[in-house]
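Shared between the two complexes below is chain A, which has chain B as its partner in the first and chain C in the second.
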Partner chain A sequence: MSRRPILFLSILTLLLFIANLFMGSVNIPFADAFNVLLGFETDNKVAESIVLQSRLPQAITALLAGASLAVAGLLLQTAFSNPLAGPSILGITSGASLGVAVVMLATGGVMGAVSGSMTNVLGAFIGAILTLGVIILFSMVVRSNVMLLIVGIMVGYVTNSAITLLNFFASEKNVFSYTIWGMGDFSSVSLSDMPLFVGVSFIGIILSVLLMKPLNALLLGDRYAANLGVNIKRARVLLLLCTGLLTAIVTSYCGPISFLGLAVPHVARLMTKSSNHHTLLPATLLAGSATALVCTLVCSMPWQSGVLPLNAITPIFGAPVIIYVIINRSKIEYFN
Partner chain B sequence: MEITTVLEVKSLTIGYGKDASATKIAEGINFALNQGELALILGCNGAGKSTLLRTLSSVQHPLSGEVKICGEDIFETSPRELAQRVAAVFTDKTMAGGLLVEEVVALGRYPYTGFFGKMGREDREMVQSSLSLVGMAGKSKKYLSQLSDGERQKIMIAKALAQQTPLIILDEPTAFLDLPSRIEILYLLKRLTKEENKTILLSTHDVEQSLSVADKLLLIKGGEVKFKSTAEAIECGDVESLFEERGIAFDKNTGRFIPKLK
Partner chain C sequence: MFSRVIYILLLVLFVACSKTGGERTITTSNDYAQGYAVEKFDGYTVVEVQNPWDTLKVLQRYILVSKSADLSDEMPKGVVVRTPVESAAVYASLHCGMIKELGKESVITGICDVHYNADNDLKRRVAEGEVADLGSSFLPDVEKIVSIAPEVIIVSSYKDNRDDKVARLGIPIIEMADYMESVPLARTEWIKFLSMLFDCEYVADSLFRETEAQYNNLAEMGRDAKNRPTLFCELKTGGVWYQPGGDSYMARLYRDAGIDYLWCDNKDKGSISLSYEEVFARGADADLWIMKYADECDKTLKSLKDEYLPYRNFASYKTKNVWGVNALKVPFYEEMPLYPQYVLRDLMLIAHPELFNESDTTRYFKKLQDE
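Our next item is the complex of A and B:
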């Protein structure tokens, strides 16, 4: 088992994190940004405010959101024995979105702020867990992996129709803020929301790390895992909670971000050439962070109309990965 | 060496469901297997072979009766301890193609390792010796997906060996394999009972091939389970009657099943 991919990904993530602090839609001289970051006095108050209030929280959010979504995807792929599972494709992101929509639209925006806030997080969590529960119920009846994915997509559609209804009856202002939220954005976690966001995503990520041993046994399937002493029911509940928590926290703040959860675990598997979660899980976390940081950089390039929505970029990165993997699946070890 | 009973089954009734709505599949099952014995479960499809195996590996609860491994009731043993007493080999499709052969066998150490599954020197030695026992030591750095079906089955048997259990249960271990692999697997299992003193119980449709290696037979037919030594079961006509309704007879002299002549 090689540690080189992990080392490479760590350095890459670090460099991208730094790049996110020095580059953005507003051009700030390198020296000024450098001074601000090291805590030196600077005359450039604009630079100070942009780097510390905007770029730093956005980079931290991307770092954690990318890791969270990617590892959520990995957990789902192992739990459902299906390399094409992911939070978006199984409808879990839609479930979280519905939770947010209920808070933001149905309550007339009284309870929830534009994005983030505790009620949004709670709504997203309940939505995500409920959808996961539904998918698990279906997985007991629908044995075929591909069919289960289609059921997931159907669940997503039904959830989305509920969201459309909510939008139809909501006020114009709320619909607008919901639509903006739906485009995906890593800059929506303010400094004051940071403790909640960092805290919850950390709990989820740590929980996923603690599940490494049973995850490896689950690669052999439920029957083998049970024979090895894995408490299957408990492992499933923990996996469900962990995925729900990670998807919910990211979705409630940053919107329903597509493809990170589905595609990144594949990038990590191809890079580490391993399905062993002791290597794969850290690699997935890092690759998720790195991908999210790249997407943020691209979105906040000095475009003419400001910052691009995240969901305009993630599919461009994610879809080719999935297509590549499907085309080459007979040559890829973990598919066989 | 003293003969020890590894598996003990008493007045067991297997089936599905609970209480009044329960469906009985077979009842009054009594048998015991000693250390170093190889036993077959024989019967037609749907006779209850898999249900019996699932019950014996504690995946499924029995309707009544008891199953003891090394003297302890399996339904009162903790999952970790049970995993150190009975190892299972199935023909399930896995998602482990991206694991190295040695990583798959290392999963057999699951009930022995700590919270993160870190392997000690003893664990690693056990993995290597298990691989050697099934003759796959040279493939330890290959991906599971690079192996043939027969080789994969050997790796799963090595995983069972790494579990260091007195009892190994296999559900149709020779299904989907070509003839040389089938014979290889059966004789490998036979060797493990003789050299490693393992007790092995397997279900199979390869009746002709496996009769020659089996010490004991469990014959399931019409909800009834008979337990006999192989020679006795052949002699008294129990093997013969196994597929009688399907018009298949057993020729004691050649050890082969043939269609009954009208």
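Our next item is the complex of A and C:
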């Protein structure tokens, strides 16, 4: 019954992936790009370098980052029975941002002020995992999901206050680098970083697939799920760990990407008209990838000068979806 | 009839005199700086600083009046500054440097952003309490400014950063728009404006003439150079790769150094944001790659590759003709506005080593090592 949207999304994602390889801020003749991709000899060395070393890693990053953030959003929305939950709401993104702020600002650029360098990635990852740890600790104490959500938001506020302080005392140049990092970017993962990025994203995505069963049970409410034999506490920790891992790896490499995680699960639900995770999860994965690929494409259209920051584009796709969902909330029954 | 003519003549003379107050005026035109104009009257000097974002408008008009002279009603409207200024709060470390070059560092009684000030002597004076730490230049501590009661506050004028609280103190704010000048010697020439506040124009004049002569000599050599190596600059920040605009300060330095900067056809005075693809499409075969950065460790070819793998695809990377200046290690930004000739000499040493002795070395830039 719901095969059609998934097939449509698969084809769309594939087409967008290919479009990302052929289109960019520099015009490369179709034949040259084609030859490069198929491994044929070409005289156009510039095309070879741009397609293989810039566009290909960027498209793979967008594909995985989009899928990861969307799935993290879906997991959190189900776990908290709240359509407005997303990866940024639990403070994990803020934690990653704080990690990067410490690297870039507090050390006065000591550890390398250029975004995309390994120290930033490490800083973001440690920041995200530490905040995740705090949230998981609270999840052991706080029973109510709403309360946990509020704790997450508070953790976000505290980390943001630390970031504000760091920004205030940092040099102009470092504040600038940090601001640029905050605008999001899929181009910073080069081929050499790919194994780590792909590896961790895959672990997160596979873990989320394994969580499908308890997720479906959680849709019926905690008590029903417990009656169905789901260990609520363990499921919750696993869920947090999975979303934390996905958000951390994406934010580390690409910066805090807004709206993707929040909006895409809704698009998937509207398309599949289902809240069964067996359908919803693959649809969310694909829709996430497709959205990220569209945004990347829009950011580097050849008719504009240079590239646009990613976070200038993602809300244009994300915000209308959220508004639609809020207005039609009574009609769209996702959660019991 | 005759007496009537005399009467009319006298009237004309009277009107003419009353308009100028009977003063001599000399308009001093700057050789390079476009951002301010000086007009000297008997007993006072008028300096008009143009609005850098709307050059038809005047940002501030300063009336510099000697402390020994009296103020008169005939003076034009403007911010009155009594000279020589004996105490000043200075926001930017660059202007502290300029004042020091004028030999007037003792007038500095408060500074901002102490942590980022390159002058150790000034830092020591702050530590000893002789000079006040006014906090961040974006949000200065108004109470501290009041407590040191400087005669003037010297600030870098930012478009949207007018601090009303400080303006309300009634202390004259000297807005320096020097950084908006895109010609190197024009930026240097702003030292003349500062010197007028401290009554030491002759010092500024001789400093400027020396810089000008050295700069123009080098620039002439650069213009005559036979080969003009091609150049692209800087590094990718996030998804963006900023290059200096074709009409910018740095682009002008590159041109004067006899370098073919690849975006010299651009008309921007600031910087232009490009993607890796665009920089690579134009700069893949460029002879030179010059970057400015601020890191604890000097960059190497290996660290560049680790940062972003496609950097190694540039011809300049392969031929190891990559140069960088680490602003954290050398006072590059502090010295450049005052001594653009040093930067020019460095660039010429990089682009045209044949014009120099083998023993000559660069002051700021270093060739990137392998590791």
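Quick note on the criterion: the second predicted complex is superposed on the first by the 279 of 336 C-alpha atoms of A that agree within 3 Å, B and C clash if a C-alpha of one lies under 4 Å from a C-alpha of the other, contacts with A are read in each partner's own complex, and residues count from 1 in each chain.
Following the convention adopted for this analysis, a residue touches a chain if its C-beta (ideal position, glycine included) is under 8 Å from a C-beta of that chain, and two chains touch if they have at least 3 such contacts.
Model, not experiment: these values are computed from the prediction.
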First (chain B), second (chain C), both or neither touched by A:Met118: second
Which superposed partner A:Ser97 touches (first chain B, second chain C, both, neither): neither
Superposition-derived comparison: chain B or chain C, residues of chain A touched: C
First, second, both or neither for A:Asn311, with chain B first and chain C second: neither
Contacts of A:His278 with chain B and chain C, given as first, second, both or neither: first
Chain B versus chain C as contact partner of A:Ser139, first or second or both or neither: neither
Partner chain in contact with A:Asn227 - chain B first, chain C second, else both or neither: first
For the chain A and chain B complex, residues of the former touching the latter: 1, 78, 81, 83, 210, 212-213, 216-217, 219-221, 223-224, 226-231, 269, 273-276, 278, 332-336
Chain C residues within the chain A interface of the complex: 115-116, 136, 138-139, 235-241, 272-278, 280-281, 284, 293-297, 306-310, 313, 328
Chain B - residues contacting chain A, complex: 57, 59, 79-80, 82-83, 86-88, 90, 92-100, 103-104, 107-108, 110-111, 113, 115-117, 143-146, 163
Touching residues on chain A, where the partner in the complex is chain C: 24-26, 45-46, 49-50, 53-55, 108-118, 168-169, 171, 173-174, 176-177, 180-181, 183, 185-188, 190-192, 255, 299-300, 305-307, 309-310
